[in-house]
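Letters A, B, C and D name the chains as they come in the text, with residue numbers starting at 1 for each one.
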Amino acid sequence: MSLNTFGHLFRVTTWGESHGPAIGCTVDGCPPGVPLSEADIQPWLDRRKPGQNKFTTQRKEPDEVRILSGVFEGKTTGTPIQLLIENTDQRSKDYGEIAQSFRPGHADITYHQKYGIRDYRGGGRSSARETASRVAAGGVARQALAALVPGLKITGYMVQMGVKRIDRSRFDAEEIELNPFWVPDAVAAREWEEYLDALRLAHNSVGAVIEVVAEGVPAGLGAPLYGKLDSDLASAMMSINAVKAVEIGEGMAAAALTGVENADEIRMGPNGPEFLSNHAGGILGGISTGQPVVCRFAVKPTSSILTPRQTVTASGQDTDLITKGRHDPCVGIRAVPVGEAMMACVLLDHLLLDRGQTGGVRGRIG
Amino acid sequence: MSLNTFGHLFRVTTWGESHGPAIGCTVDGCPPGVPLSEADIQPWLDRRKPGQNKFTTQRKEPDEVRILSGVFEGKTTGTPIQLLIENTDQRSKDYGEIAQSFRPGHADITYHQKYGIRDYRGGGRSSARETASRVAAGGVARQALAALVPGLKITGYMVQMGVKRIDRSRFDAEEIELNPFWVPDAVAAREWEEYLDALRLAHNSVGAVIEVVAEGVPAGLGAPLYGKLDSDLASAMMSINAVKAVEIGEGMAAAALTGVENADEIRMGPNGPEFLSNHAGGILGGISTGQPVVCRFAVKPTSSILTPRQTVTASGQDTDLITKGRHDPCVGIRAVPVGEAMMACVLLDHLLLDRGQTGGVRGRIG
Amino acid sequence: MSLNTFGHLFRVTTWGESHGPAIGCTVDGCPPGVPLSEADIQPWLDRRKPGQNKFTTQRKEPDEVRILSGVFEGKTTGTPIQLLIENTDQRSKDYGEIAQSFRPGHADITYHQKYGIRDYRGGGRSSARETASRVAAGGVARQALAALVPGLKITGYMVQMGVKRIDRSRFDAEEIELNPFWVPDAVAAREWEEYLDALRLAHNSVGAVIEVVAEGVPAGLGAPLYGKLDSDLASAMMSINAVKAVEIGEGMAAAALTGVENADEIRMGPNGPEFLSNHAGGILGGISTGQPVVCRFAVKPTSSILTPRQTVTASGQDTDLITKGRHDPCVGIRAVPVGEAMMACVLLDHLLLDRGQTGGVRGRIG
Amino acid sequence: MSLNTFGHLFRVTTWGESHGPAIGCTVDGCPPGVPLSEADIQPWLDRRKPGQNKFTTQRKEPDEVRILSGVFEGKTTGTPIQLLIENTDQRSKDYGEIAQSFRPGHADITYHQKYGIRDYRGGGRSSARETASRVAAGGVARQALAALVPGLKITGYMVQMGVKRIDRSRFDAEEIELNPFWVPDAVAAREWEEYLDALRLAHNSVGAVIEVVAEGVPAGLGAPLYGKLDSDLASAMMSINAVKAVEIGEGMAAAALTGVENADEIRMGPNGPEFLSNHAGGILGGISTGQPVVCRFAVKPTSSILTPRQTVTASGQDTDLITKGRHDPCVGIRAVPVGEAMMACVLLDHLLLDRGQTGGVRGRIG
């Protein structure tokens, strides 16, 4: 299938470079009759928007989305929805050094090796800017989910920045929107501010872990064995720039558990079976259980830093490179709305797939 | 795309249930002229084969693979290769309890909810038995890789079982084939034997972490942004039964690193650029760097255990379930050859994809 | 996507060669709970079976299908259905000449050029034998359609053999099953018998046109613009061996019509809109109208004939080739059940696709 | 897969409605390093552009294409190429009647039934305007083909308009660009002008047959059995608005041929095997032979005519409809460049697919 498309029935194809005239995506397969306007998508883009505080790139982009097709009289028509976001702040600068040298830890060198040519302006296609298109597509997916599965709720937040982890005993969902890190822990928020500030002033950057939880996901989404809900979540999250790992439920920690510990026991409740725990993260055998779907992913530290690193030039010379410009000290911060968007797209896609094969009918228990 | 197929150009479609007459897969898109016979595939299946020691299920399956199509006079013809493995040891037993109850931590309940019907005999489609088909397909991929990329080498091994981790300072590749755990650490091998034995006798099971490394992978495989090499590896590994997390390079640990630490610095060597470290796990921007591709995944503990767990029946009754039968105390052990097979399939697929788009030409450095 | 797979959600992957141990296909994405057994599929295979009269190859194949997976207690489970048909009559013979020479009008030469190797035994993968797998898959599709769309009926028949056309004024559906040509015209049946006999005795062969009609197809199946119902029918029919053209409704004749003539006028009937004609063949804008879907395809004459034809050998020598062996004088005859099967697969696939995107809800008229 | 995408490795996703702000497409999988600018694409769009003579719609559209991504310093980068064409002439008019009534022979009614909503302005997504995106994509494919297969040449022309056919004995390629019909027959060109003028003044329209020939196509493109070159051509051409039939080589006429007649005999020539005829249209067994690929398709007459036709309204009332506005009396005319574009896209896609699987190596003859 296409290499810049994801999804089976609800498909998103993104395009565009950091410093081209615009970026965007085509959303295909959206159910018809879903209420949709720019106003439904813009708020999600605003959350990801750069330049909102000193912890994100100072590039100033309004990230205003335009719907160019697929919507008529305020509703989706079932035909492709083209979402376009103009690049307004491509600061005119000399790219000389970046053009010739490869940033260590960056895609510069692999693009050069694979394609023999790369748009080095602001990282071109490999810029985190591409994630704006994902967030826009996620906005469409959220509208469709709201129409099809009232009550489904997707929440993303940071649980780790560098060596700092949240204290889950202090978990406070209210707090997420109140700090620049989307961290659900007021104490951590304060500590992280100092921590990241110090790293930033030291011309350094740091990684992060984001957790995305979807509540109200119906049982039965996903399928064995290669169209599993968790396989598609893993692929979707890993496709986000700088992500190096994806976990479902217990994730890596599942390795240290015994079968007795890991078994999510079940008891009948007033409305059917109830799980007494959720080590599985809401997915068994690639299919949703009806419990919250819990996904985490790790974002590596920004590779563009002001500290000189050893590298080589395209002409094969050794050199030391300092990456000037406007870069996030922790790109993981802005990955929170991106992870939420990918979750929304994957869930809608599997909702449509399930409806296609099974008609959405569920096997009875009790 | 199909839900039981993986791959873009090198595509594998698997079929079959644990206790049906047979399982197998169709391998489509294999290059023509590749030497292939059952003898090239069987050794890989033998590594995964059950009943080899007390740490794997006592089910006795020869796992003899038959090539039914796509090979002529010892070479692949470029047409679909059908690989069939008969199920010989479907012990006739009463499935009554499993048929009516859902094993906690198992796909029983999600299959029931999604499809309203499930082949409960031995876990049916959700049985780890399906992974034999993957190993067979991986054997085909290895033959094609050997023909296209001489020197490419794939090695899988366990790095963690339950709470026990290997000591990387004792890493010994020779040791991998010498113990039942494929662990590259002779000391760990002995300790793990006692550890797992105790768990087994306690009617318990445990999880594991497998690491798969591919050396000799050419630079330039993969692509932005949804056909990334790491996205496809994540999807492929997560699609293996019981896997709950996938890491590339530093994986989750990348979150704790700073940009200064994480940058894999580069220097020109006699044969082109050389990386001074490999935090990236051989992949930058979704494209291979030419360094070893390093992938890890966590396998949860076997959910079928002899310790009673609370669950419900299809008719909605609370019950306590003990899973009798022949189950691996650590299903992660047999996941080692499976992870290797998935790595082989993904690499070959991306090798063909890259050749299709770029012709395999690489951008020069120096 | 895979090159031996067709379908979007209801996917069929076929494998196997004419003289290998077996042929078959994997049917993926079938809805769960559909009653299915070998007995539901076998009758369709029997219709296509060779050796039934002097007008089809004298090869004797029972074409007995075995279901190896995806069915439990007489119902589909929603997992892949493997259908296997053994090759029992691979007459041991000397393939020397065919092995070295390329039959004019046959795929021998293109397989050789593309792959550099070909299984020449009985035509290998390019043999019409592969169509047995399609018919088996079609049998599964028919079962699912029967469950989802009661009253949907698919009928295939020949409307032309060589220069002989049916007289539509004599159209008699009853007649289709009463003659070896599945021709709905008793007079034509008699004439064609003499006509084909003469060609056969003259060591010649001839082409044919098959028409497949699906009645009771709900409105709304298909989609703009590349997943059109007619595009997929065109692709499916053209993928049948020896097919050189596909028509929907008026087909090529539409070119000679005026807009006034071609407009299928509409009037409200007791149960909604009624079309006064069906030039469109039941499809407008790639989407079904609710009228009968009418598809025709042309099959070229069998290229394996006893009359010597000029050709070359793999070693580059000019030669004259006579193709001995057991070949259909009009392969179009057995293409009738194949065309029906492809129609069934495409309709089910689009039924599932439509249900996935729209939930099967239809826009009201009146 | 997506319903608004076509192609396997070279993939085109189109979007946009007739009277929205713009239309366009995303071209994914294009090889890197291909020279590309708007100037390379515009000439093909200009050929399809409306309003060039009285035989095409009087809508005035400059159809100026903008490349928004995937090109850097005049060359493709291997990343997605976004092509955007603004709609400048959406004449403000009252759509009342079209909004409520369904044009007989038009997609109005099926869109309404499937989606329950449709953008009726100018036909919305079902407008022939969408074909401009295909022509733009074809322009990209042509550039890549020129780089990969020097000498490959694609030529489209009309061979029939209504009841008028060309006289192949007068075939003159030079003539194609000299008349408004792209007909390779000067005499026909004059006759057709009168013929179409009369139909136009009679408030009528008419169908056509377009032939597209590709010369210099290498042998070995395509594959059994569902990714056949002819299957993909059939799908691609049938996906063009108003197309009702597709033929390869002899097409429907193959049915009337005998095996002796249809066999394209072969003789060794100075540069390998030479075919003495081309009934096959350059494709055998789904794979190109190296001969010219010959494809024809029939376009039905424009359904929007000034002659009143019986139809119904969305509210279920019978009515007679006259379609005012600016419509082509023979939409087949502008289908010529569209057919050429689809041929270019399909050939490039299969060139990349073949290179991926086989590396482009060919089996030797002689």
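Methods note: a residue touches a chain if its C-beta (ideal position, glycine included) is under 8 Å from a C-beta of that chain, and two chains touch if they have at least 3 such contacts.
Not measured: the values here are computed from a predicted model.
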item: Pair of chains joined by more contacts [C-beta pairs], A-C or A-B; value: A-B
item: Relative to chain A, chain with the most remote C-alpha centre; value: C
item: Computed distance of Cα centres, chain C from chain B, in Å; value: 38
item: Separation of mean Cα positions, chain B and chain A [Å, integer]; value: 26
item: Chain A-chain C separation of Cα centroids, rounded to whole Å; value: 45
item: Residue numbers of chain C (touch at least two other chains); value: 1-5, 14, 29, 32, 78-79, 111, 114-117, 125, 223-224, 353, 358
item: Interface residues, chain D side, partner chain A - complex; value: 1-5, 7-8, 11, 13-17, 20-24, 26, 28-29, 32-33, 66, 68-70, 72-73, 75, 77-82, 111, 114-119, 124-125
item: Residue ranges of chain D in contact with chain C within the complex; value: 1-6, 8, 14, 102, 104-107, 109-117, 125-126, 130, 160-163, 199, 204-209, 219-228, 230-239, 241, 244-268, 272-273, 276, 279-281, 283-290, 298-305, 307, 309-312, 314-318, 332, 353-354, 358, 361-366
item: Parts of chain B lying in touch with chain D, wherever the complex brings them together; value: 1, 9, 29-32, 78-79, 223-224, 352-353, 355-360
